[in-house]
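Next up: the structures, one after another.
Here chain A shows up in two complexes: once beside chain B, once beside chain C.
Coming up: the complex of A and B.
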């Protein structure tokens, strides 16, 4: 597979702050892929949700998120309008310099985070509920993960993640993961993408001192779809009762178990273009729309 | 020097005092401790320290292999059993 010339992808524009613009053919590919993921979600009769881009920090704090992933998190900030003269000070200052850096003055309390993973919204949304039936849910969210460097379509600060989530009793959720991993594998095979499933851990900060990382090593619950032996384009994650316990979600009186299947849209586009080239005429759009 | 049975019983009692998710009669040497989250991740860190104390050595957590803390049997065979 030769190196991708990103400028040759019709409708694609890379923004060096770790984001991608799509239009034309590449936007059609984006929509077709998400349509395929939605059809997978339909097989589980998953209910679709839309969520806004912010998550309240106190909710993520219930998961110890700030200790586990301080290197990934991004915060929306705003200037403090309550402090007298603060906005004037900003206006009178350099505001934004030639390098593009904004010179902030006093900032308001930061109580929100930019969504780091699509499925968190569901556990927050469902917290305190006692489910009477297993449920399946899906959403596509703009996710934000700060990185030390960015690469077009592969490592972005902001990217799209489609997730299918199941909550219910242990055996049911475990079966969901197995069934849908098989379904996804079959679709990948039809698209001839050369994916392998591999055991994975989450990218914890100082992993060896984090009990959650040690637990993931000892009892692997996450598997990634590895494209071309190097890029994870999706994953399945059987959380067991982790989210149920932290958010008080029950299933018929017992702590609910959960699992998710996640697809990174930009990385899937990368995989398709790596495999089929930058010419949209060679992309398997019809296959994607029909598998 | 403790026998295999005694070491396993020490581990079993440790799990019973830490976890509220299993009873004395339910917890066997081959009961899966992680799959059904009888032990939480914090428990596992404590258990690693406990096993280190019993063994008198520190483990390199980087090299810790999946499965070794699955049950009291696997902990015994991974850390206390005679090398093959």
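Coming up: the complex of A and C.
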């Protein structure tokens, strides 16, 4: 598989802050892929949600998120406009220097995070509820992961994630994961992407000292769709009662179990273009729209 | 017009950090409205783009943005993971306290902003080009404006903006604004929203001391669609050569002129629900899908 020449992809533009612009053929590919994921979600009659880009920090704190992933999280911040003279100080300062760096003054209290994974919104949304039926949900959200370096379509500061989530009793949710892993595998086979499933762990900070990492190693709950033996383009995650416990979500009076199937849109685009080349005429758009 | 009971809107959830979640009927309304805006964009055969949530600070700096709008801008920040011991210090600190406030440690260089207006992405995208034909473009983007207080659907920290942008010579762009203001007026009339157009200025910081504000007062370039005599749900903006000049965009060798039509999705939802009530059976969904 040869190196992709990103400048040759029609409608694609890499922005060096770790993000991608799409138009034309590559926007069509983006939409076709998300349409395919939505059809998968339809097989579970998943209810669709739109979620905004921020999550309140106190919600993520319920998961000890800041202890586990301090290296990945980004925060939206604004200048403190309650403090007299603060904005004037910013205006009188260098503001944005020749290197492109902003020189902040006092910032307002930070109480929010940029969404690290789409499905968190669902557990927050449902917290405190006692479900009477298993439920299926889906959303596509902007997700944000700070990295030490970025690579076009493969490793971005912001990217799109489509998720399909199920909550209910243990057996039901386990069966959901199994069934939808098979559905995804079949679609991947038809698109001839040469994906292999592999067991994975979440990218914890200092993993060896985090009991959650050790638990994941002992009892694998995450399976990734690995493209070309190196890039995960999606995953299934059987969280068991982790989110039910931390967000007080029940199923008929017992702690609910949950699982999600996640697709990284930009990485799927990368996989398609790696496999089929930069000429859109060779992309399997019709197959994607019909599998 | 009676006060909206937001809890009664099916599928709507207000998050007190200045954002809204949508599902069910209100998500259908969101999609129908954006579909209508896209059909308007189609009348100009506008090319559609997807843009990510961040804009590089050095690009906005070309517009003196930080001087004009320091009170509105938000920045994505991450903890500095290059500095030894910094993340450990964060983990050992309060991280997120009981009030929900995050206690940051050293943050990494800030070189990006959260998108303040959708159309900026286009001028950045096109900078340095010499256009041979007038062009029409459209995008729906997450936009971010820090405010001193937030109100559901009306004043949000993050919201969706659909824009239709035109670049070309002065006369052509002026005609574009006129034509599309008429198209939008006709649709607004059919939806019976009772909108009035009004001249407006941008929300500058310390407006009286900003020459840009004074210019806008002398020579109005922004017209807003005012709902119920108080809420702007969209606008037309004839920027003349402002963006062409600052981003070096030309039209056949001369500085290009530009204009945009902008629609605030959440505010349109607010207007529809204010006018027709919280029961989706009374919303003019079919009309929106067909006008």
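The working rule: the second predicted complex is superposed on the first by the 291 of 291 C-alpha atoms of A that agree within 3 Å, B and C clash if a C-alpha of one lies under 4 Å from a C-alpha of the other, contacts with A are read in each partner's own complex, and residues count from 1 in each chain.
Heads up, the rule we're going with is that contacts are C-beta pairs under 8 Å (C-beta built on N, C-alpha and C of every residue); 3 or more make two chains touch, one makes a residue touch a chain.
Just so it is clear, the model here is predicted, and its values are computed rather than measured.
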Is A:170 in contact with chain B, with chain C, with both, or with neither (first, second, both, neither)?
-> first
Considering only the touch criterion stated at the top, classify A:74 as touching first (chain B), second (chain C), both, or neither.
-> second
Name the contact category of A:199: first (chain B only), second (chain C only), both, or neither.
-> first
Going by the touch definition up top, name the partner, chain B or chain C, that contacts more of chain A.
-> C
Does chain B (first) or chain C (second) touch A:217, or do both, or does neither?
-> first
Which of chain B and chain C A:291 touches, first, second, both or neither = neither
For A:47, select first, second, both or neither according to whether it touches chain B, chain C, the two together, or no partner.
-> second
What is the contact status of A:157 with respect to chain B (first) and chain C (second): first, second, both, or neither?
-> second
Identify the overlap between the chain B-contacting and the chain C-contacting residues of chain A.
-> none
Interface with chain B, chain A side, in the complex: residues 170, 199, 208, 211-212, 214-215, 217-220, 240-242
State the interface residues of chain C toward chain A in the complex, per the touch definition above.
-> 13, 15-17, 19-24, 27, 30, 47-54, 56-58, 60-61, 66-67, 70-71, 73-79, 81, 87, 90-91, 95-96, 99-102, 104, 108-114, 121, 125, 142, 144, 146, 148, 156-158, 205
In their complex, what parts of chain B are in touch with chain A?
-> 34-37, 40-42, 44-45, 48, 61-62, 64-70
